[in-house]
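Below, each structure is written out as structure tokens.
Two complexes follow with chain A in common, the first pairing it with chain B and the second with chain C.
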Partner chain A sequence: MQVVMRQMQTDWFGPLAVTVLAVAIIGTAAPPFLSTLNVQVLLFALATNTLIAFSQMIIIAVGQMNLSVGAIGGLSAIAFAGMMQVWGLPAPFAAVLALGIGIAAGALNGIFIARTGISAFVITLASLSVFKGINSGITRAQPFYGIPETVKAFGNNVMIGPLPWLILPTVLVILGLWFLLNRMPLGRAILAVGGNTHAAELSGISVSFTVVAAHAISGCLAALAGIMLVARLQIGQPSIGDDWLILSFAAPVIGGAVLSGGHVSVAATVLGVAIVAIITQALVLFHIDPYLVQVVLGAMILWAVGVNRWRELRIAKSAKRI
Partner chain B sequence: MQGRGTSTTRVEPDEVLVRASPTGSAGGLRFYLTNEFGLLVLILLFGAVFAVLSGGFLSTFNQFTLWRTAAVNTVIGFAMMTVIVTGGLNLAVGAIGVCAAMMCGWMIQALGVPGPVGIVGALALGATLGFVNGWVVVKSGLHSFIITLATMSIFFGVMVYLTHGESFRNLPPSFAEFGRTRYFGVVSPMLIVALVAGLLLIGLYRFTALGREMLSAGAKPEAAELSGVRVGRVFILCHMLSGLLAGVAALLLVMRNGAAIPSMAGQLGQDWLLPAFLGPVLGGTLLSGGRVSVVGTFLGSALVTMLTSGLLLLRIGEFWVQACLGLVLLLAVLIDVARKRYLAHRRMV
Partner chain C sequence: MLAVAAGVTLLAGGVRADDTKAALVPGGPHPYFAAWEQAGKDAVRDFHLSSADYKVPEKWELNAQNQLLESLVSQGYNAFLVFPGDPVGSASTVAELADTGAPVLAIGGCLKDPSMAGFCLGTDVAHSAYLGTQQLIKVMGTGKKRIAHFTGFLVDPNTQLRIDAVKKAAEEAGDEVVQVIADIDAPEPAQEKINAYLAAHANDVDGIVTTAWVPAVVASNALRKIGDKRIKMVAIDHDQVVLQAVKDGFVAGTMLQNPYGQGYIGAFAADKLRNGCTVKADAPWKANALTSHFIDSGTVFVAADKVDTYLEAMQGITKDLLSTFQATYLVCKS
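Entry: the complex of A and B
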């Protein structure tokens, strides 16, 4: 009994319960929901959206926010597509360079924030429009169409059953990020800085290095998501990343991330992405107006922050009683 | 989150020093280091540069459209400024604005009410949505960033669902007329609306008890609460004012376009975010709350509009203008940090 109770207090329990419940209810009401094709569509959405959520989660972990995830992702995406079409670079080489652009863009954010002490909100708002401006300056709002067949195949073929190839990098990132945040000094430093910057500094952690590293990781993840979307969409669309902002906050918050920093959960964030994907999919299945997806996303953020707040207050109260 | 944490503790000591320092020998110098003076110099400087480089810049028509756009950007900046006072943000300004504009269009076109009633309806909706934001922020005790991020998505989604993304184009001719009118060849009535809104805000923050309460509640909520300010109620009023001003800005845009268009602020109203922050931040409004500069916001918005207009005239390419505006914001905050450090340093010596 006590084991069950303890499990119920973890971050991932609530989202997991909601996921299982949603799958059960929607699966009963609309059996096509559990068809191979539909599961495959869900996994495709999960593959890219998880990376988008992670690129925000790592910044939430360090106690900041990054408005420019979408702009970095979009810039890397069109850089990836553009380098293959215009310069004729082989796909892996272009992907590495695009990832490099993402890391550099993220690191620039981090350097500005760490060196000047200006709030991350303002810096990333400014860099959002710089990166987005460079994107539209290069593309003039025209997509790149010259994507090699191998890249298209990687983005749209399946390995076994409903499992797409695209899920492979995502699984590796999930494992890597879990290892980073739970087992590596850098990950622990990121959480420590997010939890209490002052205490982290006093215990010998270099706060500015940690902030820059977190932003570089965020940029790298956003770039990877952008590259994978190019493979999935089969064109280098300049509008990639424009609609990432709400989603990138929704999933970590549903996963119980504390917005003031220091507390995130990789597994719960993945479940948060899954919940968003399942509900979006359900709206389509039940022929509900797709515009309402925005409303549902917003309502889910409100609901999740409400639940998190309630949990915080309850934990604080029980701590007082002891 | 950020505003409450590190930046408050870091910025405030400097800020207190600046405000508390007596107007002694450094007094004259301090005036030249204010944001407002700097902005004025930059406006004149860039105005001169653009006038030399591009013949069309000083033409009456260009000046008319420039200041008309500046009027809209200023009111958008005011809408954000009234919430920044509380130490929070309102990401939903664009979404609220579009909702208000569509409300006006719907009331006039579908209900057949006269124009002024439609305007009142739009402003009432703006204030109501602002109230929703404020109420949720105060009751939940969460940072306004995440709340307004969520409501931005909700408001915009409901708006698109109800309107099916269709514009309202059958507005009274007086609306488009208002957008086209030119006094003395250059002055748009929209600029007058923005200036009146600015004067009212100055009056509010300078001379009314409510305005002073907003500033004190924003600077130090706990201290304000102890001295009898009902902080929650004041914060809700700040959000309502923000919603109202977002409605005003959206109505100005409706009059300029001659139609209420759902996409006039981009996806989820995100296109308003940059002008909304550029004005107040350039103008010296503290993001951690408690200090505003109405004149600075106006000058900041005017400078940004002038840069946009001038860069377009110089054929930089409209796609690069956004990148330039981002760099301006970055540069402005960096200069601001340098200025504060300089002032703090002088005070210490």
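Entry: the complex of A and C
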């Protein structure tokens, strides 16, 4: 019993309960929801959306926010596609360079924030505009179509059953991020700076380096999401990334992330992404009026966040009683 | 403020009064408008304009477009071809542009009356959606059919016109629109929602009609992946992915719009209006939900047999419209 109670107090328990409940209800009401093809579609969405959520989560962990995740992802995506089409670079080489662009863009954000002391909100708001402007300048709003067949196959084929190849890098990132945040000095430093910058500094952590590193990781994850979306969409759409902002915040927050920093959960964020994806699919499956879709989606995210908060308060109360 | 900027530019001698320096400004970055760039260049060559430049706001935001337009006035542009970022919200900026003495035309999309735009030159979106659905009904064959409609942003007033037109065409044929998925003219939501819908409901639909660019691309790829040619689809626009899907038989055809003609004829008209012509009050204007001064830039259904020659088809429509444009819509001193 105590084990169950302990599990209930974890970040991932609430989102997991919501996910299981949602799958059970939707699967019963609309059996095609659990079809192999639909599970595959869900996994495709999870593969890219999880990386988008992580790119924000790591910044939330350090107690900041990054409004430019979509712009970095979009820039890396069109760089990846453009380098293959225009310069004829092999896909792996183009992918590495695109990841480099993401890391550099993120690191630039971090350097500006660390050096100037200006809030991350303002810096990333400005850099969003810069990165999006470069994207528009390069593409002139025209997609890159010259995506090699191997890349298209990677973005659309499955390994086994409903498991797409795209899920592979995401699983590696999940494991890597968990290891980083729980076992590596840099990860602990990110959480320490997010929890209490002053205390972290006094304990010998380089706040500037930690902030730059967090933003570089965020840029790398956004770039990887952009690259994977190019593979999935089979074209380098200049508008990749335009829609990422809400999701990037919603999933970590549903997963119990503290917006002021210091506390995030990799597993719960993945479940947060799953909840948003399931809600999105359910709205389509149940023929919800298109004018109501945004309202329903917003309301359900609010509800999930509210439940999470309520759980936190209950835990805090019971802890006080003890 | 814009009038002052324009005056300063003229006083500085940057622009001669008979030099038309036109700006073609879409609502934001979107592949649909790319043809405007070539249209502007061709207009400069054919109508001897000083310039006709394609200027794209950095994002789909009314404010970004307004700021760009203001900056273009100060750069000496004196004729504006604008896709209004908002049919009502853009009216005040268009009025400011018109106050500088520059002709302003709404192209690609319309402003809501009353406005200072000379006229609106664009696709009759409702008619195009209606015709596209009729083509779909034709290829689906006889019997009551079920149609899914994938469309664009709900904030775009054209979207509701398209939804209504598709529904009307379906009802007239005794068919049913079983699903409308909107707000998906962006890659990620289109990918997620269209694939989710087809995964669960592929057996529940006989046909798909798309009335926005990105959904057309994503649905074409989705049908190719499923490999089931039972579901018929009529797309919109001329993205390479769509045209290839038409060629390969995964899509029955696509409703082409005429962005090139909008830019080319728009630049021609703007130059005429700068040089003494006026808009003819009693021209055979069409009316749509926004304006009573509408000119249809043309739309054509292209199936597999015509997909290689679609450019010629659109150029033909542009040529026909241009040949009678001045006499039909303008009053010019001879």
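In the analysis below, the second predicted complex is superposed on the first by the 292 of 322 C-alpha atoms of A that agree within 3 Å, B and C clash if a C-alpha of one lies under 4 Å from a C-alpha of the other, contacts with A are read in each partner's own complex, and residues count from 1 in each chain.
Following the convention adopted for this analysis, a contact is a pair of C-beta atoms (placed from the backbone, for glycine too) under 8 Å apart; a residue touches a chain by one contact, two chains touch by 3 or more.
If you're wondering where the values come from, they're calculated on a predicted model, not measured in any experiment.
In the superposition on chain A, contact is made by A:V305 with chain B only, not with chain C.
When the two complexes are overlaid on their common chain A, residue A:T197 makes contact with chain B while staying clear of chain C. Of the two partner chains placed by superposition, only chain B is touched by A:Q64; chain C is not. When both complexes are overlaid on chain A, the residue A:V295 reaches chain B alone and has no touch with chain C.
When the two complexes are overlaid on their common chain A, residue A:S260 makes contact with chain B while staying clear of chain C. Look at A:V41: by the touch rule set out above, it reaches chain C but stays clear of chain B.
Look at A:V122: by the touch rule set out above, it reaches chain B but stays clear of chain C. In the superposition on chain A, A:Q237 contacts chain C only, with no contact to chain B. Judged by the touch definition given at the top, the superposed model places A:A141 against both chain B and chain C. In the three-chain superposition model, chain A touches both chain B and chain C at residues 129, 132-133, 136, 140-141, 242-243, 291, 293-294.
The touching residues of chain C, counted against chain A in their complex, run 26, 29-31, 33-34, 37, 56, 58-59, 154, 178-183, 186-189, 191-193, 195-197, 199-201, 214, 217-218, 221, 225, 239-241.
Across the complex, chain A meets chain C through its residues 30, 32-33, 35, 37-38, 40-42, 44-45, 48, 129, 132-133, 136, 139-143, 145, 156, 229, 232-235, 237-240, 242-244, 277, 280-281, 284-285, 287, 290-291, 293-294.
On the side of chain A, the complex with chain B involves touching residues 63-65, 112, 116-123, 125-134, 136-137, 140-141, 197, 242-243, 245-246, 249, 253, 259-261, 289, 291-299, 301-302, 305-306, 309. Taken together, the chain B residues at the contact with chain A in this complex read 1-7, 10, 89, 136, 140-143, 145-147, 149-158, 160-161, 165, 267-268, 270, 273-274, 277, 281, 287, 317, 319-327, 329-330, 333-334, 337.
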